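Got a structure for you, questions after.
Note that the chains take the letters A, B, C and D in the order they are written out, and that residue 1 is the start of every chain.
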Amino acid sequence: MTLVLKDKLIQWRRDFHQHPELGFLEMRTASIVAQTLNELGIDFEIGTSVMDPNYVMGKPSDEETKAHYLWAKAHGAVEVYLDDLKDGYTGIVATIDTNKAGPTTAFRVDMDALPIYEAEHDSHVPVKEGFRSINNDMHACGHDVHTSIGLGLATLVQERKDELSGIIKIIFQPAEEGTRGARSMAEKGIVDDVDYLIASHIGTGVPMNHFLGSNNGFLATTKINVTFKGVSAHAGGNPEQGKNAMLAAANAVINLNAIPRHSEGATRVNVGELHAGSSRNAIADFASLKMEIRGTTSEINDYMRSYAESIIKGAAEMFQVEYTLETVGEGRSAKGDTTLAEIVTQAAQSNGLETTIEEDKPSGSEDATFLINRVQEKGGQATYSIFGTELKAGHHNENFDIDEDSMLPAVNTLFDTAKRLSTQ
Amino acid sequence: MTLVLKDKLIQWRRDFHQHPELGFLEMRTASIVAQTLNELGIDFEIGTSVMDPNYVMGKPSDEETKAHYLWAKAHGAVEVYLDDLKDGYTGIVATIDTNKAGPTTAFRVDMDALPIYEAEHDSHVPVKEGFRSINNDMHACGHDVHTSIGLGLATLVQERKDELSGIIKIIFQPAEEGTRGARSMAEKGIVDDVDYLIASHIGTGVPMNHFLGSNNGFLATTKINVTFKGVSAHAGGNPEQGKNAMLAAANAVINLNAIPRHSEGATRVNVGELHAGSSRNAIADFASLKMEIRGTTSEINDYMRSYAESIIKGAAEMFQVEYTLETVGEGRSAKGDTTLAEIVTQAAQSNGLETTIEEDKPSGSEDATFLINRVQEKGGQATYSIFGTELKAGHHNENFDIDEDSMLPAVNTLFDTAKRLSTQ
Amino acid sequence: MTLVLKDKLIQWRRDFHQHPELGFLEMRTASIVAQTLNELGIDFEIGTSVMDPNYVMGKPSDEETKAHYLWAKAHGAVEVYLDDLKDGYTGIVATIDTNKAGPTTAFRVDMDALPIYEAEHDSHVPVKEGFRSINNDMHACGHDVHTSIGLGLATLVQERKDELSGIIKIIFQPAEEGTRGARSMAEKGIVDDVDYLIASHIGTGVPMNHFLGSNNGFLATTKINVTFKGVSAHAGGNPEQGKNAMLAAANAVINLNAIPRHSEGATRVNVGELHAGSSRNAIADFASLKMEIRGTTSEINDYMRSYAESIIKGAAEMFQVEYTLETVGEGRSAKGDTTLAEIVTQAAQSNGLETTIEEDKPSGSEDATFLINRVQEKGGQATYSIFGTELKAGHHNENFDIDEDSMLPAVNTLFDTAKRLSTQ
Amino acid sequence: MTLVLKDKLIQWRRDFHQHPELGFLEMRTASIVAQTLNELGIDFEIGTSVMDPNYVMGKPSDEETKAHYLWAKAHGAVEVYLDDLKDGYTGIVATIDTNKAGPTTAFRVDMDALPIYEAEHDSHVPVKEGFRSINNDMHACGHDVHTSIGLGLATLVQERKDELSGIIKIIFQPAEEGTRGARSMAEKGIVDDVDYLIASHIGTGVPMNHFLGSNNGFLATTKINVTFKGVSAHAGGNPEQGKNAMLAAANAVINLNAIPRHSEGATRVNVGELHAGSSRNAIADFASLKMEIRGTTSEINDYMRSYAESIIKGAAEMFQVEYTLETVGEGRSAKGDTTLAEIVTQAAQSNGLETTIEEDKPSGSEDATFLINRVQEKGGQATYSIFGTELKAGHHNENFDIDEDSMLPAVNTLFDTAKRLSTQ
């Protein structure tokens, strides 16, 4: 059967890879997850049942959502589930009750792709093997793999339920990219009953056949869109009548970078996009920024956020323009529980992987941290684990690719973890 | 015949209005001008014969030029002339030699439209009368009228050549918007033999049935595109490896606005567009500015230009990024000759217009100033005249429209001017 | 007698020159003016009788005022008047009533010196003739001459009262430098009964033996002191705890210079001094700016002022620091009455001077404009006249010097003006 | 004898405390050190024999040095040594040769005070006990204590030479504040023959009766003075003729703060002082900055330094002004040798102190790092140790004070360390 599961994992992964969907647009992906769970006889909740819309951030516009709905429909989405998914609330939580007393253990995977145009050369495996993306987006961070692992785990759990006790939840999260999707699931309460949470990722520099039990170095982050709205005027004829949104934006950009360093830990700030004005000879009446801040702790990130608001407000004030701030993504810092990390690590070892229990090096940001924090606040334990693989290129690169042999050990490790936790 | 000419003027104008073409793309317009001149039996030169490519500024890309060529071909351009026009050198100079001793008198009109989407409501005359623009551009500054006046003048001059002596030139200039086209014609020497030059414009606030002999208030100007090229890097992972083009651009924008005022006259500076970066979490590796500077004299404009270069260079230096400056438009200051202005004004009076001889109030910019300066440098006289009309909305507004009754008096005034100058 | 007056003028001027006093510190000067008026038998009001303290701007601190009081006392001030002057309200208004029906005509002169260290070389006349400044300040703008002219005029008016009718006022104003003193006299109402006001200056580029009846080109101006107050912190240990006043100030300085040009006339802005911080390794907790703005009209100056406040407020907001603005000087634009200018000009001509009636070229700023505006608002006429002289160096230069022969014609012209106005 | 030494330590410390001397001005202090060494019969080198003038940074001006020389002479300096010290090269290296084979072990103490006005209230011990500073400076960082410990150690070593083998050096370093003095001693080669170097400090948060064997968290730092030199012009009359040094400085300050964070470790940047311009109505023709940068490694500090130079150069370029950079202080990062730290820690334990071997928390900067790096480069071992004490207020605070009981255990620990190293 394991042999069969390995093939299934590859089949799922390649299908998802070929049909990448951006955050909050994972309609085809989620519909296939739903159908698969249904075929396995697993209960699940979907859409706004598992996501609080008030905490959804950075959601695409209604037009984009509608357009993608038509795309999904035309490209193999399972229609029966599209009603629940068509507004872009694409999360799913599968629940398998062993009907034996025991802990509630949750596993979290994510499903979204990136707006990256996938490499087209023949040495890129998805090209060679015929599963390159059919649209302009790309699974360049391995979430296609994660979703497949989630389905593989569901399969094993359901088939070998008798080896487990308590309740197993598998969380299929939308929109991890931009750290946008997890918070709405956490706020909905989907992990409030969870005793153990294992979120996991593939790659990130961990070598093939290695495993990291607890990655703690997440930078807390906030992604913010800023707009400045001024008044246009002819730059030659009456410049004094304009309210220059571009000047406000330019001042904001510079001074955001000048927010003081923090003595308690590392900070980051970046304005990645700035667009202002539409005509050479007119005072720019609008400007928009896409920015992000980070900090090694949520407190430091809050410091950056609060300072950024002062900068933006002051810059607008200087040029008497209006401004708006919209939070379009958020991640927190997190520290995994060592006890739990050790158990997952033992499971990995017994599945033939070399292991490291914990690592604290600051790295990127993740919104699984919302789920981790929530579980810990409610008295549970949580960890964020990494399954190593051989990467063809870095994450978010057009040549990104993983070694599909790393999927089955991941599924087995997670199942084994569930077993070990059954008896805790 | 005058009645017939009036109808012709309207017919030409409405055709041009319906088929607006941006600067250096006036292929259809120029081909119709050429055909009309040919039908009248008037000699003319076209394309690079009357334009020096070295001084063409802000020309659209080859792709845009080629695409527009296809559009022109498909929308009524006269094919026989397209070979000369298809590369975007769309100027024409008509020459009518009376074969009698006398001065060389030149009249200059322009032909280009603006990237403005024309109003669609029924009270907009071009909609009501069925000659609204068929594409996304618009003759929102009256150059359709100017081209028609040029053709009307050609008609009169050719028909009543016996009333004149010397040589009459009619200059059909491309790309006045953005002050891009005149310099290449001046540098080519097309006015080097000219004794009198009358450039003219319709509207600009002069009322219906009024005429201004010499508008002297042009601000010298330079239009510049700036790019900054840096190095991208992950904003969370290794910000120190980036070279931030956005920060260079932001500093440039602010400090360009801070160039010191000049005690000898007014200055202007504007960055009308700024685009930088392409991803929230990456250091922006490029930024582009569209800017312009102005001054009440060419010297003051040169001061602004030189200062702007220092600012841009320094801003690039600060962040170790590369930069480029491209001049994409240029206008000079100019002072019309009062003697000539008086003659044109008398011609206007004898055609029933109320008149003002001169006005010095700083206003916009014009590249006819290159032709005016050139004529004066070579010992000739020049003036820039305004024919009043009733405007429905300001220039460059989507509701811009003129009163077509103002065209014929303009043509007659210019012809009468030619007559008066014949005997100077 | 005229010969004697010429000597007296020189004697006064050299004494004042040798004892320069800065604005609101003209205690010695004013006491000598008072004594002289008293000796002439002329009534006068002094101190807060002619100045409204609410409108005094940029007054030195109490410490400086007290220290200078001791200096004045020790250097020849007339003690009996020091009580009225010791707090720095150093204005005087002399009133000579002819007791004949007639207009009220006022003449305004100023008394203050500059914080400039006077040249010490032998070719500098004050050195050669032994009246170089005995302190570190200098009459480098000719106000010593003005005060002397005022006293000369008082002498003539009193002696030849029978040639005049109506009332003659001579205003000795403090603190013209920095445009600080006139407003408090205007607001006190000292010119509310004035039919004709002649303010005058020596030099400013008008040649020897020339006279300009009405100089209209004053730039309205506001002088402002700004402070930013933040919070210090160790720059290495906990930079996040600081509120950086220097960064607020730096942003303010740059963006003040970037206030948009005004289409209705010239503007100026300058931050002349900036001081921030006191320790290399501490976040700067304070910063101070000395700035000024100008405009060709009072309205344009108001525009600059209002914009400047936005910039400063916004810059403070960006870094969460407190700020204060203090107006320490103010001048308005003004336009002299041509009718009056012509009368003064005729007086100058009949005293042997070559004349120009009016000139509009934008130049510096003057707070006599407050008095001029006030007279005109109340229905009177006013003008600002310039008496030419030969300058050894420009105003505010350490080598500044005038030709003393230009004083007597100035006094005679002003007296003659009073005579001519007596019969209007 | 130990009792006597304790009294001597207090006596020395109070004398130094009462006569604080700033960096490179420790003439009185060094002369007393020299005299004491001489009385003990210890050889020493002084002045430029132990300092390379080429690497002296941030030295006071000749005027200040001369003035302080007179002060020192008048306040108890030992005249015979002043010749070597009067130019401000105030370092001393004592050398005690046991004439037995063994390692060379060096101990480094520093001698300079801070420009802080010492507290005057009675609860401040130096006031109560009558040894408050007699000038405007203050030993607010404990270097008075360090110098005394150095003398105490010299006393013990000389008296108990027979218990030791090898060579003992005691380095009395000037100008640690601002990290200015150590480099010139390192470059002179004074530690090139050293096998073991122990630099030490009192306080810094380590509690009374505690000891830290190796403090590794020094931030590398560079202290830089920057000047901008422009051209003045009248801000109203001809602003275009100025070259605005203040605008260059303001842009530099902001963008220095915006240097990108570094992913390999913490950075710091601060401009602590900015002074620009001297007259409200003149374009500022000069500006000066006092700044510093820091990084957790010397490499990161170099990155900051290099970036800072680009910023400053670019800012000058923008406004066409000249600039200069002067390095006035420098410290490096350092990592103590654990083997040596353990030995010193054992010595501390055997003298009754509680101990910690190593600590890595980033803290301030120290130029002993130059000596530490040099020793390690040459194959020796080095460490930076902290002796705890009870502080009345933080370092650099006007109420700073230590517990004098912490001095003797420090001396004994260092002597004991020398003993233990004798047998390595």
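The rule is simple: contacts are C-beta pairs under 8 Å (C-beta built on N, C-alpha and C of every residue); 3 or more make two chains touch, one makes a residue touch a chain.
As the structure is a computational prediction, the values presented were derived from the model and not from experiment.
Set side by side, the interfaces A-D and A-B show unequal numbers of C-beta pairs in contact, with more at A-B. Relative to chain B, the chain whose mean Cα position lies farthest away is D.
With centres set at the average Cα position, the gap from chain A to chain C is 69 Å. The geometric centre of chain A is 52 Å away from that of chain B, both derived from CA atoms. Rounded to a whole number, the gap between the C-alpha centres of chain A and chain D is 50 angstrom.
Counting partners per residue, chain C has 237, 239, 244, 247, 251, 254-255, 257-258, 260-261, 263, 268-269, 283 as the residues that reach two or more other chains.
Touching chain D in their complex are the following residues of chain B: 237-240, 242, 244, 247, 251, 255, 258, 260-264, 283, 303, 310-311, 313-320. On chain C, the positions that touch chain D within their shared complex are 178, 219, 221, 223, 234-237, 239, 244, 246-247, 249-251, 253-254, 257, 268-284, 287, 290-292, 294, 363-365. On the side of chain C, the complex with chain B involves touching residues 254-255, 257-258, 260-261, 263, 266-269, 362.
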